[in-house]
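Dropping the structures in below, format is structure tokens.
Both of the next two complexes hold chain A, though its partner changes from chain B to chain C.
So, the complex of A and B:
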């Protein structure tokens, strides 16, 4: 074993000293040139900052500016109006009802789609190889443009000459056409069915991916212990999937809040205002009445509502993720 | 023939004299940049025409004719009829300036003028009046279609109004006569629906889709029939009249006997129902008279008749409502306003207008006296011409002020609430009146 006084150890000591000196020099140089270091860092994040400024900060400021001004589509920023647009929006029962409708619909439809999507994903997982092929098939509704989905369902649900009414009448179930899109409750149901048809495959594929990522040995162990299918689902699969399911639900919830295309094509917000969602209401305000100042204020209020409604789900997702990490 | 022929001669002379005088006077003064027609005069140039979807055939024909006459290419860009104003406004406001000529609904002329979406063409009309012949436009159309704030914002090219079409075969089968009052209309529709709904045939197709131009037109027919109007001569809401409420009640009363359901019926649904014999009556734009006799699209060729809209209440004089109605204006962001103006004059001129009236599915109705009363139109669409003659001159105009989009929307919303059963006619009209006062003042 070399000692500190041996030639070998002297050589090693020199190398260590040299490395230490180099390290100290580098450290010193970093200490004396913080500005240069920061410049480099800034350059690295500059594209992100620029992108965020363009896509988020500028539109955000523009939206706020519109909301506190008397702005028409053709002539924005005609006069400063302070909080007038917010007050008008918050005292407009049609807008408040539309907000409530959006929130209710988003939560309900997302919940239904999550259950259906998970069920389909479980079924496809059980099919193993053919499941992947079927998965690409059931994605077809998702690949269809929403407007086309709306038109297809409108043709199916039309009272005069519609496919569904034709079948119901031919089978003698009804003796007169049912107005699916012209009756309050049925109109919502119709929008919901079309929405479920379009979006459930998306949920299913996310659930399918989440299930595929679960460790197989846990299920094997459960099988050896004699757990039945329900016990496996309730005691193992669901707790393990909880964080992913919460995240999927959150994603779908945010998308469901923005439902517009189907409402536009199928019901145009009717009958009356029964299917007028917040996004449809805001669209009408901006592009039918050209009151973009008020529409901007309504958009900001709508954003807050979306935030408030999604907050518990965000918390739930975080809590589930922590719980799973704790178990791991 | 004489009306048509004379007008054509005047037009030719006018073009020559107008060009000569303008060339000497205005071009020398530099007040207006000028261009004129000539063979392939504008070859290599092109214009973008923003047009509503129902006018696509007309737009394509105009494009072909203008290119043949001048060499300029017209790109026809179609948008849904309820989105044109938003599209045109955004184009100008954003500075994109993609469009040169826009096809605006006359009820929006105030909004168009206030926001300067099209150019003020008052002086251009005055300059070229010999060629344009403003006095040839039907009296009730010209000002509502083009005038706001003392300025003119385009030239009319589609003089729309609703008339009442009915299926004579169905009427004869049930021994019915054309209704002359809204009560008779209800009775006839009820009789047919009760007898024929099991066969998929209904008494009436009622356009009640929640777009102002759809449900608003259906209401306007009744409002005019009951002798009411949208606004007072001073420009205030006139919806506090008995006629306004009676019209709303008439709208509600027809719902049970209409093609299911009025709220879901726009002209995309109503027109095929009538042409296929599934609806016995429809209030529709007068060009339906051309569709109805085209065997390619109609199963009721020579089985239909047309009359003026019924009357109601104390009113005994039928009156047409000016439903829809379109104008060509120069988009204020156009980089070729002179060429756009030449196209507009060409498209709204007597010859092209007559050709469009005689073109199946053009969607164009008369806006000029010379075309409405032309022999060619009388021969081509005799039933419709007979109904429109003498009636278009006194049509009921819609509000055209700058707040018209809000007024239309409020009215359409409340009318839809009547059809959905959420509001009584009295309540809906009272609420609309209140909203209108809030928008345009008491």
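So, the complex of A and C:
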């Protein structure tokens, strides 16, 4: 093998040699000591990394491949289609509306559930003894399969024989039954109420734990100072809880973007497309219209939107936690 | 006097809250004892209670089979999750393996909505011949719940005093023996909570199951019940029976493990 020689430079050749030597010893030392230890230690997390590769890394790559192809469910990768699917998705008002709906719903329902959850947590902390018993009871909605939650609320909200319509008509509030799931605004409200039923207990339990972690003497001091309940809440509790509330809000936001089952059972995205979330839109595109190439492009865009909406909250939660640590 | 009024307000607020959370389940129970005509009256309680819906719902559908499928899939998936998550979490939290990136990567993989995984996993399972099989679903659930399991387990592991592990190491125990013999028994409530929550998440899952297992043989309960809506059970009473029968296993599990669940969900914050 011919070696490149620069004219009259033995010293530079030496330099290269010594560099190579250093490099070799570095390699050798890497290979012998730390690398071997590293590879054995990696076994601890290897199954996790493999599993996450299957559930996260591979889907990401596979979706990109699908998105730049003309693909049907039964026959994927029929032809390369470059950015056609992305252009079609971004110029489809129905998809853009579904994206907006998902983001709006996630943020709005997270605010509502955080406020309700905090209120329930305060109530449970006030009821000291029975609070604990109530807490294990309100855990049950969280454990209920969302499909069953949907069916239960569907029975309550039904126009024919629904409990709510029965009560409203008996009280003379309405003469004719209201189609809660068939009216645009009411259908969203219904999904939202069922979602509140399912997830607020979880938020309440997290808030309860956050309140329980606060030092008790703060409240005693405030009570001695003659502060009323609202002042204690506004001036003491809320600032102290802020970092934890931000983290709970973030968790709820992430969960809110996952909503699918309740929409599927309660409204099937209707009436019209009024309750069609991005997930549901993508599901119909892939499993009813079989256009998986377009569905993949929509999924990637949706993931980007989830990231864009979630990241500021991640930053806020981290910032709040740091500020808290700074005070301590 | 003032504090009495306050107590009364608190108790009525608690009663209202409890009523709201009890309502859908209570109504399901009530509807399960109603005839179709009785349902149309729109009352809370049945006027002429009937037991007929219960045997009929089990007779006209594969309900029992679907429940069994769900129970098997969720328990095995839960055990798989623990088997992977416990050593991995211990490796990250205590042995500092992949500490710089793996915890963040694990948690951020939870952010993606499940719809993201539907198509890729559909084609993957199809390619390896695991579509429409309970085994395929068990693997998927076992893997999908890992971020949650890590989130639940990590705080428990961090609370274990380092001195205990050091003592075990001085006695000549390797890290694996230390984890199994010393650390795992100490965080048993955390492991129990994580196992229960993983099982419940798998049992309740619908979107992936509806896509990845579409045959009767491998169908799980949530998918089966969603199909009853359009097909066999036009009768709301029988629909309520199917829903309740499906809820019972999770509620039994939740009541049996309520102490661990509350502790697990609050990172041991509520004693």
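To be clear about the criterion, the second predicted complex is superposed on the first by the 277 of 328 C-alpha atoms of A that agree within 3 Å, B and C clash if a C-alpha of one lies under 4 Å from a C-alpha of the other, contacts with A are read in each partner's own complex, and residues count from 1 in each chain.
The rule we apply is simple: a contact is a pair of C-beta atoms (placed from the backbone, for glycine too) under 8 Å apart; a residue touches a chain by one contact, two chains touch by 3 or more.
Every value quoted in this text rests on a predicted model; they were computed, and no experiment measured them.
In the superposition on chain A, A:63 contacts chain C only, with no contact to chain B. In the superposition on chain A, A:274 makes contact with chain B only, while chain C stays out of contact range. Once the two complexes are overlaid on the shared chain, A:230 sits clear of chain B and of chain C alike.
In the superposed model, A:290 lies in contact with chain B only, and not with chain C. Of the two partner chains, both chain B and chain C are touched by A:160. Touch counts on chain A: comparing chain C and chain B, the chain ahead is C. When the shared chain is aligned, chain B comes close enough to touch A:75, but chain C does not.
By the touch criterion defined above, A:176 lies against chain B but remains apart from chain C after alignment on the C-alpha atoms of chain A. Where the contact sets of chain A with chain B and with chain C meet, they give residues 76, 158, 160, 287. The part of chain A that touches chain C in the complex is made up of residues 41-42, 44-45, 47-49, 51-52, 54-56, 58-60, 62-63, 66, 76, 120, 123-124, 126-127, 130, 134-141, 143-149, 151-153, 155-156, 158, 160-163, 165-167, 169, 197, 201-202, 205-206, 208-210, 212-213, 254, 257-258, 260-261, 264-265, 278-279, 282-283, 286-287, 292, 295-296, 299, 302-303, 306-307, 310. Interface residues of chain C facing chain A in the complex, by the touch rule stated above, are 10-11, 13-14, 17-18, 20-21, 23-25, 27-28, 31, 39-44, 83-85, 87-88, 90-92, 95, 97-98, 102, 105-106, 109-121, 123-124, 140, 142-144, 146, 150, 175, 200, 203-204, 206-207, 211, 221-222, 225-226, 229, 236, 239-240, 243, 246-247, 250-251, 253-255, 258-259, 261-262, 265-267, 269-270. Considering their complex, residues 72-76, 158-160, 175-177, 179, 181-182, 184, 268-274, 284, 287-291 of chain A touch chain B.
For chain B in complex with chain A, the residues that touch the partner chain are 82-83, 85-86, 89-90, 92-93, 111, 114-117, 197-198, 200, 209-211, 259-261, 263-264, 269, 273, 278, 405-406, 409, 413, 416-417, 419-420, 422-423.
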